[in-house]
Every structure is written in C-alpha cells, then in structure tokens.
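What follows is a pair of complexes built around chain A, which joins chain B in one and chain C in the other.
== the complex of A and B ==
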C-alpha cells in the first residue's frame, strides 16, 4: 500500500502553466486573446479545456467551429495521453508558459482520436485502470469494486479531488505482503525518436531469486538504449512526472507513488538537450 | 532514509519551483478575476434588462448597484455553500480513511501478535534443540573417549598378533629346517642304502663263486654283519634326534 503521501500529493498537484493561442488560419470575428491556464499534469487535455473552448468560441464563427484539437510546434497533441506526458515528451525544454495552438478545423484523423464528450475520456480512463489492474492483480480488485467506486475514481480525477480519488485508488495499490509487490508493473515507455507509440511489456517487480527490480533493471530489459554507456556521455533523460528518478529506485515504489491516475507508470525517454 | 526516495522528493519540489510556483499566483488571480468579470457581466445584463422591463421606467443607479451586490453575495454564498459541501465530503472521506487505517493497524497488530506467537514457539523449539544438541555432544564426547580406549586396545591386540605371528613364523622356520635336515638325512640314508644294496648284490655275486670253491665262506658272513651294524647306527641316530 502506498505511503509517502507527500510524494502522492506532489504528483497529483503538479501543474504546467500554459498559454493557449488560436491558430492563425482560423477565421475570427475579432482578434483572439490568448487564454492562460494551469494544467494538471495528471489530467487529460480535453478534460480541462472547456474554458478554452468557450473562450475561443466567442471569437470564431459558429459555422467554422468543428472539433477542437491542440498542436505544439507542428505536433498534434494526443488527448488520451496525460498532459504531463505530452509536456515531458514534446516540450520539457521549452520556455514557460507552454504555448499550445488551438485548432477548430482540419482535424488530423491519422494522428488523433476524436473526443466528442467527457464520457469518451471516462471510458478511456477506466479502460486503462482495468488494464493496469489485470496486470497488477489479475483484475481482482477492480472487479470487486462497485460501479459507484469506479465513478468515485473518475469524479476524483474530473474534479481534481485528491482525497476522493485516493480513498478508492489505495485499494488498487495494495498487494499481499508475502508477494513483495504487484504481479506485473503496469508501465509505458514513450520515445520521441520513434513512430512506435510506446513500449509496454510484462515486467515483475521482484526477480525469481527475490531481488527487487529497479528502474534501471526495467530499462536494461526493455529499452537498454536509454541507459548511459560506461564512460560515454549521457544521451537520454528518463523522465517521470517531469523529474529524473535515480536508476536504483525500486520499480514497485515507483509504481505505487509515481503512477498516473490511470495506474500506469508513464516513462518518457527524451534526448539530452544539446545546449 | 533511502537516497532514491529523497532524490524523488527533492526533484518534485525542484520541478514545482520551476513550473508551478512562479506562475500559480498570477494564473489563479487571472482565473478568479475572469470568473468574477463573467459573473458580473451576466448579472449586469440581467439587472439592466429587468430594470427596463418594469413599465419602461428605469430604476435608480443605487438600486442597480444594490441588486448587483445582492447577486454577488448570493453567488458568494453559493460558492461558500459548495466549499462547505466539499469540506464535508472531505471530512467523510477522512473519517473513512481513518477507519481504514485503524482497520489496517488492527490487522497488522493481529499479524504482529501471531508472528510473536510463532516467534515464541520457534524460540521454545530452538531451546529444545539446543538441549538435545548439548546432550548429544556430551554423548559424543563419551563415545569418543570409549572409542579412543578401544582403539588403544586394538593397537595392543594388533601388536600382540604381530608378535605371535613372528613367533609362529620362527617356529615354522625351525620346523622346516628340521624337516629339511631329516629329508637330507633320509636322502643320504637312501643313497647309502642303495650303495649298500649294490655292494651286497656285488658281494653275493662274488660269493657265488667261492661257494663253488668253499674258500671265501668267512668273508661272506663278515659282509652281512657290517650291514646290520650300519642299520643299527642309523636307527640310533634318528631316534635320538626325534
């Protein structure tokens, strides 16, 4: 069960200052002012941008307004990735506030999923939680929960209620003491220099010999390129929630404390900035 | 505390120092002002439209201001009520969490108790085993002493056996010598007997001629007495040796 509540709080209340700018090609009735918002790292773009939509709808013609989507320096931003992951992956070395361009036309069908309502985000979120619990507890915990418990998890995220969310999420973070951890660690490794969306494999928190697996062990097994070579310069940064944990950090602890609300440990591998 | 955990804590704080804290004040203020502005705008529009509706007679500026203040107070009251509701929910959640932790504490206490019982049982078993080991080591020491004595006796017996064997060999050697001597004497005797028989035969052959002449009678008798004497001598010698 997760302890170190201060870490959980810091993770939950991580914020990214963002400036939303309307795409210049959009037809407007008057000049669109930028919209500033502190985005929660653990939430989803389309879940927290209702105000942004409302703000820009005031200036664009209603006939021209299609589904809203976001882009950063030419890269369409996937709403189904947590905001923190999008920032770490595409803009971690940018000057703050993070400038995101808002579009209401030319939806990139090949790059993005449609998000007509919050229920789509809820479905995606709950499916991630169920997938993670299948890896952690063979779905036993999530299946034992009632519908209202599932709703509590979702409402906790939607309304940014840490206590409400963690009152239920702690059940998903429990494991038998004798097992020493979850069955498998739910993780996803994102890379900027690849067409592959992410790497996801089955990896246990403890070796068959009883040794505790660390973040370094996971990368060595799954994505060894991310590790620094002996004597050579560091080429990649391994970032979770905007920080670089030490490679000797136990994976089980990371999964319990640095997982996103969808129960997955989202790990970004980004090149070390050249300057 | 473990360094990796401190590192994560430090890095998270450092991250917030860079990303969150410099912006949170201004962003929150902006958001609040925006919300207030939107609310006031809506209220003002509403109040103005209502004031115009009342028979085309415009109400006074003070009344409009009062209505605006009233709306704002109502809005604030709503927000406060929402905050109270949120806090009540948090309170319930905290109570539930407290209960959960109490149940966990109780569970762990039970676990600790059963572990302590197990530990006591194991300690008792351990002391039993220690006693058994002590007894067995004493027994082993006694057995070792006994074994030492037996080994010494065995060594003595081996030595005695060796001595007896030596003696027996010596005796056998002597017996063999005696037998060899006897055999040699026997051999000599047989050779001698053979020679004597040969002599006797020769003598008889020669005697056959004097019988014819009758002049060598006494010589033939003398030869027979010599054989008897030799026989007697040999028998005496053998008997004395045996």
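== the complex of A and C ==
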C-alpha cells in the first residue's frame, strides 16, 4: 500500500515546466523577459499565475491591461480544466518547457470563461467535487461534511498542502466493501479532434456479473475508437497525468488514485505523434 | 485498501499494471520536473535580481555634460538638504525638550489623575448606595403617603360623624336644659309658695312652742333676726319643729323607723336573687336602710339611686341627683328618712328620700370627700382626701369643727363621742370629738380602704390593701385584733368596702376576682365564697340589718342581691 500512497504523492506533486511569453502585440515600455514556472498538474492556471501577472505588469502600461488570458499555439487555454489536462491534451509530445503566450487584450469571450477572482475557481472546484460525489455516493458524503471541511479541501488545493487535502479527501474516496467500488466512476474523456468538450457517462466499476471493470472496458463502452484495432497500428494514446496506464488497470483503483483533486478521472485521448 | 478486492484477480497481473503506473510516473517526473526544477529556480532568482537594478541605462557619451550638470545640481541639492537636516535636527531638539517637559508634567499629573479616578469611583459607589437608600426611602414614603391619605379620608369621615354626633348631643342638651329650666322654675315657684306657707305655719305654731320651751323661742327669735328670708334656715327651723313635735308626739313614720331593732341572727347568703345593671358607670357604694326595705347605691355616674327590696328583687324607686361628681359613700340616717352621700366634688350631700334635689350640701373640703357618717346630735362627720375630718351641724348646715389628720382619710365611723378613721398611712386613729385629739392610734397592715362598726358598737372591721380584714375589739383598752384572710381574696381598690353582719357573726367583703367572701368571726375561717356573678372587681357589699340580704356592687355597673335561699 505504500506504493499507493506514493502514487498519490506523485500525482499531487506532478509539475510541468512552463515558459510564459508576452504576446508580441502587447504595447510594452520595454522588452518583456520570459517568465518560467513549474506548474502543478492538479491546479488551475489562474490559481498559480499571480506571479506571471505581476511580472508582466511591470512592463506594460497598467491602464492598458485587461484580464489576463493564456494561449498555446493559437488555442486559448481554458482555466477551468486542470493544468495537467491542458498540457496532455495540447502539448504532451512537444519540446519542453511548455511555451504559453500571455495576453492582456482581446479576451476571447467565445472560448474562455472570465475568472475575476479565486472565489470563482473555488466555486468551480467545489461544484466538481459535489458532482463527482453525487455519482459516487449519491452526494451523501459531501453533504455530511461541514462548511469548514469544504474549506479545508479548497485550502489544501490553493496552498498545495497534500496532507491537509487528503485528510478530508479520504472520506470522499471511501465506499462500502460489499459494493466493491463507487456507484459510478466520475470520469471525463477529453479529445482533441472533436467539438465536444468531453465525454461523460454513467459507468459502474463492477459489471453486473461481478467482474471488475478495467480502463479498457470503459473505453470499449464509451469511446471504442480510442482502442487499438486488432493487428493495426496504435492510433491513439490514452493519457492520464502524463502517463499511459495499461488498459487492464482496474477502473476503481484509477478513480481512487489517479483522480484530480476535483474527484474526476480526467482521461485525454490524443493521436499518436506522426513522427 | 480499495484494491484489496481486486487482488483476487492474480497477483502477477495486479502488480504489472501498478508497477507500470509507478514507473511511468517516475519517468514522467524525471523528464518534466527534475530536469527543469533547478534551472527555473535559478532563472527566477536572476530575474528578480535584474529587476532590482536600475531599469534604464543611458547609453550616450554626449550626455556627459548633462551628467556633470546633473551632478552639480545634485550637489546643490545635497547642500540644501544638509542645511535642512541641520535645521530639522534643531527643531527636533527643541521638540524633544518640550516633549520631555510634557512627559514630566504628565508624570506629575498622573498620580493626581489616579487620585481623582479613585475618588470618582468612591463617589460613584456612594451615589449607588445613596440611590439605593433613596429608592427604599421613596417606597417607604409612598407607603406612608398612602397610609396618610387613607387616614385623612377616615379622619374626614370621623370628623363628619363627630360633627353630627355633636349636633345631636347639643340638641339633646338643649332639650335637657329647657326641661331643667322649666323644672327649676316650677320648683322655685313651689318654694315661694312653701315659704309663704311656712311663715303662716310659724306664726300659727309659735304659741305652742313658746309654752313648751321658752329657750327655743328665744333661739327662734335670734334666727329670725339674723335672716328671716334664708330658705335653708327656714327649712332647718322646720326640721326643728318637726323633730320637736316627733319628740312630743311620736308619729307613725318614726315608729316604723325604730321598730326594727337589732337583728338576732344573720343568715348566710347562698344564691343570687337578682342581678342588674344598676348604674350607667361603676358603683362605688351601697347601703341598706335600717328597715332593710330600701337600698341606696351611689356610682361614678353622680347619681344616688334608691331601690325597693321586695320579694327578692330590686325595684328602682328614685334617683337622687345633685352631685356633680361620682359618689363615694352612702349612709342612711338611722333616725329619719334621709340619706347622706359623700362625693368626689368635695362635698357631702343630704337628701330627703322623697325629694330628688339635695336638701343640704356641705361644702368646705378642698379635695374629694371619702366618707360621710351621721354622728351625735344631728351632726355629720366627713372624712376627706385633704387630710381633714370635718364635723358639720346639719341645722346650721355649716362646719363646726375641723380636725387635721396626718394622712389621707379613706373612711371613718362614729361611735358615741369617738370618731374612728382609717388612713392611707396604714393607721386607724380614734378621735375624741370633745377634746379634738387623737386618743389612740392602731396599726393596720396596709392602706385602710374601709371601716365598719358592728351594730352593738363593740367591734370595728377594717379592710386593708394587704388583702386582710381586721376585726378590732373596741371594748377595754387593749384593742385586740383578729385578722381574716382567704385564698383568692384580693382587695380590689383603695376604697373597697367590707362589712360586719348585723348579728356580728360574719364578715363580708368583695374581692378583685368578682366573688363575695364571707368569714365566720367565731372560727376565723372562710365560711363561703360566692363567685361567678360579677365579672370585675367588687367595690362594696352591704348586709341588710335584718340579716336577710347581702348586696354586692362592682365597678362594671352591676349590683347583685344575695339571699340564703
């Protein structure tokens, strides 16, 4: 079990080296130096980029500055997806560090949500947790928690406190032993090629016959295209937290250990790089 | 823990996917994290350092002169600033001294302030207590005010009632006065008529008297020359004549008076025949007449009442008024139809039995008269609280002798030429009226409240405040004394009157407990006790000369007639 705890720590402390560059179109008083950061995979862009904002505010006229937003190779980055998901989805096979362009103008209203303060992130985060618990325990666990318990979850994420977060999150991961798992596995499958933002369906961790469902079973059920065809070349990578778990991995275990702090198992299906 | 259920599937397969994940994660971190960690940290630190250095660097040589100029300007500025610094330092010094001064003052003021605070707290405490007291007083005051209001309304009602009552009383008094006036007028007219009659009578009877007693004739002349118009003298003259006539020709009335004689045996009373409220206030004195058919009572209500003793009951016959204060003592004239009373109004009064207006009023004492007795030779002897005994001549209606006694005289009796008086100084004194001196002083045990002499004039009974009756043998010179006491007998007042039975065998006295006590003289023991009829202290008893009845009276207006069956 010590391995499982290590897996949780590795998932929590996963980092992506990132280089923030100011958009060339921004009016600056002098040339802006790039800013480098190690972004936590489990956090949100707008939650960890206060330093970036401060850095670039030094060089642009502050009265010109509007809400900061980020873009990678022409794609606006949605702050309400975890950072790891954004990276895996858009830049998993590129050269590191991940170069993100910072904008202070022309906010893409169609693609992005506004994020005026951290309380918006908190609201989004808590709503995800509640949704996931509705799937896992019919909301029983999260409703039994007190306000301060909810706060503890959020503060654990905001301040990158692993122990503080998991002291409370442990309750959300419990299930009756006789059931063999959660009611439904809260998961989301992201893909680059579709207009749909993600796939989310009700899927039980154990089959009616009592077999343990695996990652492969899930994909076969909801997104069979992602599976390698018999004898054909591998066309898609199934990436969680920057790694490709074996398809035989039990889904319940994945949900317990490889879920993001918002209790969802975010799975990215990306095409295999051509080269 | 959660994967426990999954382990059944096969340890090898289970560890494979787990190992794969752990390995992948390590690989991922090595590639993405570890390689860049230090690099990014150093870069960030470098960036912070560069941001601290001046951002802009002038790059032109031609700006040297500008720099020099700037330098000069800066020097000037430095000088100015130095000067300002000096000035400011000076100001600081001044301010510091001021500040020090103020600190010193503040330190001086602080104890004062503290003292003031303390006294303020103390005063606040006092204010609180005083306020509490005031609240309590206020509530008391309110209660009192309420009571006062109630009392005032009551007072007003009472005043109104008092006024009404006063009106009623005044009205009644007026009626009474009118009645009295008419009565006086009538009496006056009657007296006028009587006077003219007497004059006629005198002139008519003069020859008879002259023939029988020339001496009296001269006396009569003397009176006439003194004052022919005085009604009192006239009446005394009339009495004289009556008396003289009585001596010469014994009338029917006088036969009656002297027929009774001495009682041979007194019978012990046993039963109360008649109980009545005889007066309006307490009764002080009671006395049978010599025929035992008439009873006189005198009370604090100023009246002397006469009662017929007939068939075992008392019937009111007449009320004799004239006294302006309470009556203290009553005696019937053994030789005539007259009754004598002593009064609180410093006088003694004499009535005829058929006239409610006093015939003679003897005035001269300076305090209340406690005893009045008939003596020898138409004399009356009175004892008084003014420490005198006076002898009065009834014919002249004046005082003939004043005997100064050493103490308050509470009662007296007459026997021959002797007067025996009882006093508050616990002495019984025997006086000779002819020599006007005390011939004997007998001791008693306490204040003497009453005296009584036996009909044969052999024994004297005295009642004292020490609840003891004393019987003194008057025969011989030895004055032997016997004391009579009884359990329960208590002398109720300073004027309680005890009596000897007419046969001299018994003594009767009323006690403070409302019972009549009767002793046997020969055995010296208590013979009987008559309780339950009186509710207050008995003031006097009287034994009828016939020996048949005893009457007791008390201070709550009640009179009880006792008899042996």
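Note that the second predicted complex is superposed on the first by the 272 of 275 C-alpha atoms of A that agree within 3 Å, B and C clash if a C-alpha of one lies under 4 Å from a C-alpha of the other, contacts with A are read in each partner's own complex, and residues count from 1 in each chain.
Everything below uses one rule, namely that a contact is a pair of C-beta atoms (placed from the backbone, for glycine too) under 8 Å apart; a residue touches a chain by one contact, two chains touch by 3 or more.
Here the structure is a predicted model, which means the values were calculated and not measured.
After superposition onto chain A, the modelled positions of chain B and chain C overlap sterically. When the two complexes are overlaid on their common chain A, residue A:256 makes contact with chain C while staying clear of chain B. Contacts of A:163 after superposition on the shared chain: chain B is touched, whereas chain C is not. In the superposition on the C-alpha atoms of chain A, the part of chain A touched by chain B in one complex and by chain C in the other spans residues 1, 4, 6-7, 10-11, 14-17, 36-38, 96-97, 241-246, 248-250, 253, 258. In the complex of the two chains, the chain C residues touching chain A come out as 1-3, 5-6, 9, 13, 16-18, 20-22, 24-29, 31-33, 35-37, 39-40, 43-44, 47, 50-51, 55.
If you check the complex, the residues on chain A that touch chain C are 1, 3-4, 6-7, 10-11, 14-17, 30, 33, 35-38, 55, 58, 96-97, 173, 175, 177, 180-181, 212, 241-246, 248-250, 252-253, 256, 258. Residues of chain A touching chain B in their complex: 1, 4, 6-7, 10-11, 13-17, 36-38, 96-97, 161, 163-164, 167, 170, 241-246, 248-250, 253, 257-258.
The residues of chain B lying in touch with chain A in their complex are 3-5, 7-9, 11-16, 18-20, 22-24, 27-28, 30-31, 86, 89-90, 93-94, 96-97, 100, 104.
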